[in-house]
Structures are given as structure tokens and as C-alpha cells.
């Protein structure tokens, strides 16, 4: 673990007159699972959005593999190998499930037909539901199915770094388990994960390190285990 | 937990409900009885047909087969607005707020069926109009106080955080003075602390005599607040019973809880 | 809330009365008949735009056919006053009712339609109305139109002169504002807005969306009809081409520029569009080029319209959230 | 019988012109996700491009078509920059008004630059009439009509394949549905949307040149009505489905001409609009299958 | 020495569907006025004209007419193009007492609406019967005609006048009409062809005329073409696939042998960039009419009223021929039957209807 793969330095974001993030610094090393936890409106989503450069930053830098991507076009950032599974699914409602998956491959324009088919199959194994719904439009899926589709679509580009924003939202416990197993598996094959979760205990238990965000500031950081037993975290985010 | 009364009066009944989308059986022969005073949970894997089932109960879909009775009256083919007139209120899985209206106005719309002044009353400011407006305002503010959104009454609903938006939906539904309240994943996107607060609120409502049906994936929430639970899978009913029965059912275990890592202590 | 708004709210009645008084003396201060005629046009189109705004801005239906309802009003007035000598003041509500009926006819079959589908149907309906007006010779005079529509009685004043006709438009405009303001601030108005915001949610709360949509269409059409009725004697000569889709688009431009969904918007929009088109005349045929450029620029600079709030739906982009103190939100009472 | 058949052929010919226009229109709507009221001007610019190509480079039809495509394509870039790019997140009527404004701008600018008079278009495609005999019945076709019909089929089929079978097509459609998500997929949204818009415009330009050859004229004023027809046809086809839009155009042409046969040409638009309204009342999505929308 | 400037108001559709004609008006007026001023003005007065765009819309036209009428410096109004707009303005000019001299309004009831309304186009109720009696009956000698006409106020009046005379002459008439923005005439042609007439008459101006004849040609229909409205338009010739069997009636013809006319035509073409029709020629004459009227007033005070009276009694030879107003304020013209020979307009027969 030499150089951090993704480095967020002193990031600040303002929405109009709201200061959503101030001076947030985060490091993600190659092959790690990093989790961000925090209450509603703490700025977790905003952090991911600014890595993808989908919100305007008022200060700070973002580095990916030592390349400055602070002001890089969003689509170019994706093409560096960063996949972003957004909050609220954002699937393409009029495209079929299959087409949604295909849309996920634009981050790797050179990907061959066979590779695409193989990835699609992989995702169908992971989420058999999607295979059943292959020809259905994305918009007609149930909430949870849409969430699965969003995750699968994010996996389609075979990214180096995958950023997941509340992947377990609206999913049944059994699927949530599978998602977490999957995240661990992704890490095990050498990829890197940046994870946002409301279910902090699950997230921390698989994470290598975690950051606690509060009203736009990083207030705590440590390994997953450290945070899991931290009384402050326990009280505020684990609900015990 | 709501007290179990000895004489259970059925409020909302579903008989053999089916909903097919083309060849897809989203809901398949489901029977259900929700009684007065219940907090009734509906759980099941994703795509099991829970939301579809709610949509059928509230008139948004007409079922392919089967009937829905409310207080003994057949409401199967009724339009959503007619169902709402029967005082069945609901919230939506993907929020359907009036985003550009203030919180207070959102709740005032909820009072629509409780008032009846028409356009001419409004133009002429007749007594009916004045009475209605006074009633609407008073009632809406009362609900907002109760749910804890009073301070936000003049904020645009879309400006609130996710959790609060969910509450606005509940407040709006309460303004209908519903006989039954259907909540679709009210705790989604909330952290454990907020979920707990919501659970307490719902129990308080129940104590006040509201009957509630709730779809949730948060097992702590469901197991601790519901007195009866319906489990769906692939559109079919696996089980309807008490939390204790659901917890121990192996089929539910394998289809829904998995290893129990997430459902956690709630089911153990 | 800005200082201007605060000031307005404090002295509302006085301010409004002052504006009204100023409007009343206007035609006596402005001596050029041409300018008074422009003022008439502004009032006329402000009310017409207002009637469209009542549909597009409040119930969120995208109607492009206001020219049709306007035509109905104008023709009803022209036909009844030239053929049967019916009094203008009686014709005002009659024209409105006729237009409202047509509004209902358009609304009923299209209740299921939304957005652009509704737009094209309303546009089509307005074209059909125009073509019927153009071809139904025995009744509408066909392509010849109807001329010499009698000038209305107004306390013995000579309404041939824009100076006095002005008061007819003023009266209708003020009446429209008063009535609409009341309707919007009632259960009915809220129901309309709820349809604009989210129909499914509105239904689930017991709002009979079909009924309120029809009512909304009828209301907008009614006022368009009333304005049409006042328009016919004003121009004294009507024929079908005056009610083309361009008229409809013009009115649409007014409400969008002024600010859709606000009471003030259509008035401002009408002023801007009228003043612009008139004041750019010296540009000859470059006029419309410049006018179009200005419209587009306004959309660029202020998409929500002049009167639209910056947090408005129309401002585009995301909703601006106010800072929220989280502690206050926790308790459930 | 022969008379009716001939009228039907007239209808099909007119309908295929509508269909041709509707295809380009649907491409625009399908990619940009917003309707346009400047389509008439886009066709006009295509026609003018061809007109001046004939003027300066001689009677070369292929070149003229390329010019028509290119000039409309370029105008498409301007339309995109002026009317769409800034308003993707805004409510639709704002972009809509911008297109209305832009249409007004173009109409008047063209009138100033190219003159207000109608210009005669070179009658480049052989105007021979072919008579098809079915027993005793004779039906007349013009070469140009056949060309238009073939083009409609070609464009409808090839563009549909392109949109549904290629990754590029998926990207174009994805962009119209959710711009932000498209970014997250690594799609260059602005360029893609612009390109899609321009392709649609380019096809509009081709429709423009064929139209002006068909009617022997180019001018700044005759196109407004046609763009309305393109719009209606593509609404009939559910706005984004190219083949159904083409079908919608065809139906409208036939309905109009049969209507004229039984009554008068003054009612032409009444027939097509009434047809549109009736269809939409029966099927709110037009010919398209109901969309799987849900709450 | 100049006695000052007399201002005129001009109404013309500079934008919109009739922009081509409005443009022609504007240029012709300016040509006439420049010429008059260069030659010492009208009885020593310089003329100037302020042309306002009426968009071809009667309502805008009345607004503009009001603005001229209100402006005491404006002595007379020239224009507007369409009968509809002129009729809409009639009550206004009547009320304010200012002349509205239209180059082209031809509706029979227009000029009679007010003593201040004038037109020099010639009345439709003269030209259309001329078509029926002289062209169809006498010149061509046919008995069954098909008329395809625009459904506008002009087209309606033209047809009604024609029909009345045709009934007297015992002509069988088949009527088809279309909206003014129509472009596709194939089904009308198919429909009319099925009735098997001897002559195809088109009543309209501009694009549809050529479009209809071309549609007939390309449907392989060989029939005599006749047009009422476009006059001897050069553009029409350019737009027709097969102009040779076309006959038009016209109050006026740009005789290529007439040097003044040809010079005028060339000058106009140079200024406008397109060939003149009869309409700008009429506009040109209206300006000269005002000049003549002012000269007729002589040393008297130039008032609106005086101009009206002078116009009423005018007797002038203009570009388009002899002009003398009748009681109502319009004129009766002599019509020509023109046809195309070797791609150029030729007078086939000249008739004086009044005889």
C-alpha cells in the first residue's frame, strides 16, 4: 500500500448559500474498502458527486492515481476507471434492463463484445432477478430491483474504483447480505471500493477504514473496527 | 406494541388479489385481513409485489382478479381519489411530494376531502369558504405540531432533507383523517437513530387509534412495531402471522432474511 | 424575504389602490391615442395571458390553444352583437360561458393526456376552431370576417376612442385579478396546484383530478372568452387569421417571460412583449430578429420569468435548500 | 374506384413526406428529450442549402443532398447551443419557448438575407409519371414520390436499427432520459446530445430539399405548417419511435387526402388534427405501446 | 425652392406571409418619391413617406393607421396591401378624415366604406365577370370550367363575382378551395380532373398558382390553364414547369416594347432583387396620385380634406394606365388577356370592359 489511489484534499462545496462540505480530506488506497458514514445531510453524497465532478467545488483538489481530476469532465473521470453508483438509482427508465447494463459500459469504450456479454452474464448470476426482467424497461422495475440494476450497471465497466452511494437502500435483508459479500469479493479481486451506507454497523464491519462526516466536516477517522467500537459512533450511528 | 383486542374488526380485506403485467405475475392470489387497531407489516424480497399490492389497495391499479373490501364495502374498481374519499391514506416508496408547495400547503391538500367549498364560495367568500379555510389551517397546523414540522411550515417541501420529506408525506396522509394509513418503506434512507424515532411516532399514532399498514425492509422496525405480518414472495403469500411466527418460519428465513446478518438481532 | 416584498406586504392595500388610481388617470395623462391603444393592448393581452397562466401556471397543463378560446369569445360577441344587437355587457359573460363550454369539450377527451401530448391536442383544437371560423361562412362570415362590430356603451362615452375603451379592458383585467386571486387562495386553487406538482399524489389525497382539470380548463377558457368578447368591438373587425397559432405562441411567450405561475407575471409579460414589439418598429424587418433574440436572452438570463421567484420550479436546476437546523427536526412531538 | 385509388396514392405520397419529416423530428425528440418548434426552419435551411448548391455547383443532386444535410446539421449545432444546452434541468416549456423564438429569428433572418420572394427550385428529379395498371384500374406515380417513399423506408429501418442495436444508439437514448446518470456512465452528454440533435436536423434538411423539389419552390414562409405536421406525426408515433412516427405521418397524409376527397381542402388540417385527437383519446401514447411507468 | 415637406404614411406587410408584396410596395413608393422630389417635388413640396410594417394583420394595420391618423403631419395614408386590412382601417380613416389610398385592395365593398377610402387596383366585381364573359365565353369559347381558389376574403369575393356572371353566361362551374398556406394540390387536382372540365382556373396570387398548375402538369393532365390574380408575373413564369398554356387576365402588362416601363422594371429589379408584379407598379402610381392631387390643390392649403377632394376628381395617366376614380373611390380598369409565348408574356387580346 504505497500511494493513495484516490486523494481528496481540503474539499469544499457550496450549494448556493449552504456550505455542504468544508475542508474534507479523504484518502483511498488501492485495494481498500473505505466507508463514509454520517447522518442525513452530512455531505456524503456531495463528496462522491464532487469526485465525479458533478457538483461545483468551491475549493480543494481531487487526485486519482496522482492525476489531478478536480476539473476534469465527468465523462472523462469515469473513463479513468471510476464507477459511480448514484444515490436514488438513476437508472434509465425507458431503456430495457439489458440496455441499461450496456449503457454501463461506456466508461470503457474499447470493451469488446465478448467481454460485455461475459460481464452481463456475471451480473445476471449475481442478480437473477435482472435476468428475468431482461426485456422489461428499467422504469417498471420495483424499487429494489432498480437498486440492483444500478449496482449491476456500475459493475459493468469493470472499474478500478467503484463508489457506491447507499447501495442497500430499499433492498431486502438477504440481498443486502449479498451486496456486502459482493463488496468484500470485489476488494478481494484487487479493486477498490468507496462506500456510503446508512447501515453503519454492516459497512464498518467490512471496511478497512472509515470516515465519519458531520455537517460537512470529517470528525472521526479510523479502521473499521476502531470506529465500530467507538462510543461516539455507537451512540450516533449504530443506534445502540 | 399495539394491544391486541379480543374482538378483531376487519377493516381492509383482500380476497384472491392477482395483478399480472403481461406474463408477469406481480401479485398472485393474495388474501389479507387488516383489522382495526393493527400495525400490519408487509415484508418480502424485492419485487415480491408489495408496492403493487398497495397500489391495488389504493385504486392506482385495478387487480387482474380478486376483490378489495374496506369496512365491508367493495372498493376494487374505485379510482384512487374515490378510495381516498373512503379515508384510506398512503405514502409512496419514491416520495411523491408537492415539492414546490410549502409544507403547510402540502398538508392542506390533505384536508381536501374534509372540506367542500367550491369556486363560487371562494370568489364570494361565503361562510362555507371561511369555515373551510379556518378548519383546514387549524387542522394542518395541529398535525404539523404533532409530527414536529411546525417550524418548517413555510419551507418548500422540496427543500427539506430526505427524512423530513418522508414525514411530510405522513403528515399529509394524516390530514385525510384516515381510517387506515398505508406506509411504503417509511424508514428507507434513515439511519438507525432516525428509524427508531419514526417507529416511536408510528406506535404513538397507533395508540391514538390509527390503523397502520407498513412495508419495510428494516427488520428491527417491523418486528418491534407490527402485531401482524404478511410475507410475500414472487407475488404469492408465504405466510401471514405474528412476528414470532414470521421469525421462525424457515421459508421466510431462506427467501428473505438470509443468514440474518442484516436482519440481525431483530429476528433472533 | 426581500425588503421590497416586506414593504409590499405591509402596505398592500394602499399600494394596490395607488396603482389602480394611476392606471385610471393614465389615459388622460397620455394624450397620444396610439399610446393609449398600446395601453389597451397591454391590458388586453395581460388578461389573456393571465387566463392562459391560470391553466399552464397553476394546474401545470401545457395548453397551447388559448387563441382558440379567445376566438370563441370574439366571434360570439361579433355574431350576437351584429346579428341580434345583443348588449355588449350581456355578451361578456355569455362569451365567457361559450368559451368555457368549448374548454370543457377540449378538456374532457384529453384528461388522460399530459405534457406535450396535451399541448399538441390543444394546439390542434385551436387550429380546428380557427379553420371552422374561416370556413363557416353563413355564421362567421368565412374569410370575409365580421366587420362593424358596434362599440360598447360605457356611460355615454365614445368608446371608439381608445382613451375610453381602455376602461373596459381595465375593468375586465381588475376583475380577473380579484377573482383569480381568490380562487387560487382557496381549496380549488390548491387542488389545481397539486395537480401541477404531482397528479398521483393529488389523487391519493382524494383530489378528483379529472374534475379539477376540467374546471381549470373551463376557468381559463372562460376568461379568454371574456377577453375575446372585449377584443372584437375594440378592433371592430375580426376574421379568422387574427386567431392563429402565432397569437397563441405570443401569449405563451408573455407568461413565460413574465413568470409562469405568478399573478404578476402575465401582466409584466404583456407589457414587455407589447413594448418590445412596438418600440422595435424602427428596425423594420430586423425587428423580429431582434425581438426573438431578446426573448431568447431573457430565457437565458431569467428562465423563471421576471416575476418568478429564484427558488421557483421554473428557475431550473435543483431546488435550493435552506440551511436546516437538524436538532429541531428530531422530536416527533 | 380508380379515382379513389389515385387519391389514396396522393395520400400515401403526401404521407410519406410527412413521414420523412417525422423521422428527423423523432430523432431530435428521442435524443434531446425536448420538442422543438424550429423544425420548419431547419428544413428550410436544408432547402436553401440545396438551392444554393444548385446555383453555384450545378445540377448535382448528390451534392445538393449533402449540402442540405450539412447546412441543417450546422444549424442544429446553433439550435442546440441556443435552445437546449442550458435548459436541460429546467422545465420543458422554457426550451420550447426558446425554439419558438429561434424559429421566429430564423424565419425573419432568412427573409432578410435571402429575400422575401419565393424562389423556384430546380426541377432536378425527372418528373416522369409511371402508371401502374391493375386490370382496368390505372394508378399514377411520379418518380419523386417513389424516391421519397423508398427513402422513408430506408431511413426508418436503418435509424431504428442504429438506435436499438448499437451501443451508440443506446447512448443517444440514455442521454435523453437522465443526463446526470449518463455522465456517470462515462458518456460525453453534451457532445452526444448535440450530435443526436444535429443528426435529426440533418434528416430534416434532407426532408427539406425533397420537399422543395416536390413543390418546385424554396421560400422562408411555407414551412411552419409542415413542422406542425412533423410534430403531430411524431406524437402519433409516441414521440420517440421512428417507425411508428413514420407510420403516423403516413396515416395523416392518407386521412387528409381522403378527407379532401369527400369534402374540401380547406379542412385539411381539421382532418389531421381530428385524427390525432381521436387516436390520442383512444390511446394516450399514440401508436406506441404503453410505457411501463409506475409509482 | 421648396415649400416644405409633405409627409405620407405607408402601410405594408414588410414581414409575414405577404412580406414579398410589402417589400415591393416600400421600394416602389420610395422610387416614386425620389423621382418626384428630384424633379422639383409636388408643386414645390417635397414628399416623404414613413412606411410601417403591418405584418399582413388587419389589427396591426389599424393600430398603425390610427398612429398615422393621430399624427397631424401625415397628410395621407398609402396602403395597405390586403382588402381585409384596408377594410379594418376604413372606420378609422373615416373618423379621422384622412385618405387611405390602397394600391391593391380589390374587394368591391371596400372603397364604398368611406369617402376617404380609395383603391386603384380595379374592382373584383369587374375583373371576375370579365374573366367569365370575355375570356372564357368569348375568347376561349368553353362551357365547363373548374375553379380552384384560395379561401381568403379576396378569393371569396373574386369567386362570387365570377360565379354570378358565369351563371348569366351559362357556364358550368366546379369550385374547389384551399387554405392560403396550402402546398400540396395533388388531391385537389385528382378531384377536379375527375369532373373533366375544359379549363382550369386558379384564383390566387403567389406560390399556389404555380404549385397548382405544376401539380396538374405532373399528374399528366393536359388542360388549358387560366389564372386570376397574379397578373403578368415574371416569377410565375420561372416557377411553372410548363408555362405555355397559361392565360391570365391583367389590368396591366409590362410591355417589353415600352421603354419607360422596361426601364422602371429594371430599376425596380435592381433595388429589390426580384421582378416586379403589377402590385408594386400600382404602389408606384399611388405616390404619383398624391403628387397629382397636391398639384391640383395648387395654392390652396394642403389639408387632408383637400387631398381627398382632389383625389376624387383626379385624372391621371400612370404606369398602370389611366386612373380616374368613380364615386365610391375605386376605378374601373381595362383588362387585358395575356398569355405566354416562347417563355415571355404577350398580350393576346385587349378588351375594354366598359364598352
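All chains are identified by letter, namely A, B, C, D and E, in their written order; residue positions are counted from 1 within each chain.
FYI, a contact is a pair of C-beta atoms (placed from the backbone, for glycine too) under 8 Å apart; a residue touches a chain by one contact, two chains touch by 3 or more.
In this text, all values refer to a predicted model and were calculated from it rather than measured experimentally.
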Write down the chain pair with more C-beta contact pairs when A-D is set against C-D. C-D
Give the label of the chain whose average Cα location is farthest from that of chain A. E
Please report how many Å separate the Cα centroid of chain C from that of chain E, as a whole number. 38
Whole-Å gap separating chain A and chain C, where each centre is the average of the chain's CA atoms: 49
Provide the C-alpha centroid distance between chain B and chain E, rounded to the nearest whole angstrom. 74
Where chain C touches two or more other chains at once, the residues are 131, 134-135, 200, 285, 287-288, 313, 318, 320-322, 324, 326
Provide the list of chain E residues touching at least two other chains, using ranges where the numbers run on. 15, 19, 151, 179
Among the residues of chain D, which are close enough to touch at least two other chains? 108, 111, 264, 266, 269, 292, 294-295
Going by the contact rule set out above, which residues of chain A touch chain D in the complex? 52, 54, 73-75, 78-79, 83-84, 86, 90-95, 99, 102-109, 136-137, 139-140, 153, 157
Chain B residues within the chain D interface of the complex: 21, 51, 55, 60, 92-94, 96
For the complex, give me every residue of chain E touching chain D. 15-17, 19-20, 22-23, 151, 176-179, 181-188, 190-191, 194, 206-207, 210-211, 214, 218-220, 235, 238-239, 241, 273-274
Can you list the residues on chain B that touch chain C in the complex? 58, 60, 79-81, 83-85, 89-90, 92, 96-101, 105, 108-110, 112-113, 115, 117-119, 121-123, 125, 129, 132-133, 136, 145-149, 151-152, 155-156, 158-161, 163-164, 172-173, 175-176, 194, 197-198, 200-201, 204
Chain B contact footprint on chain A (complex, rising order): 39-41, 129, 133, 136, 140-145, 147-148, 166, 168-178, 180, 198-200, 202, 236-240
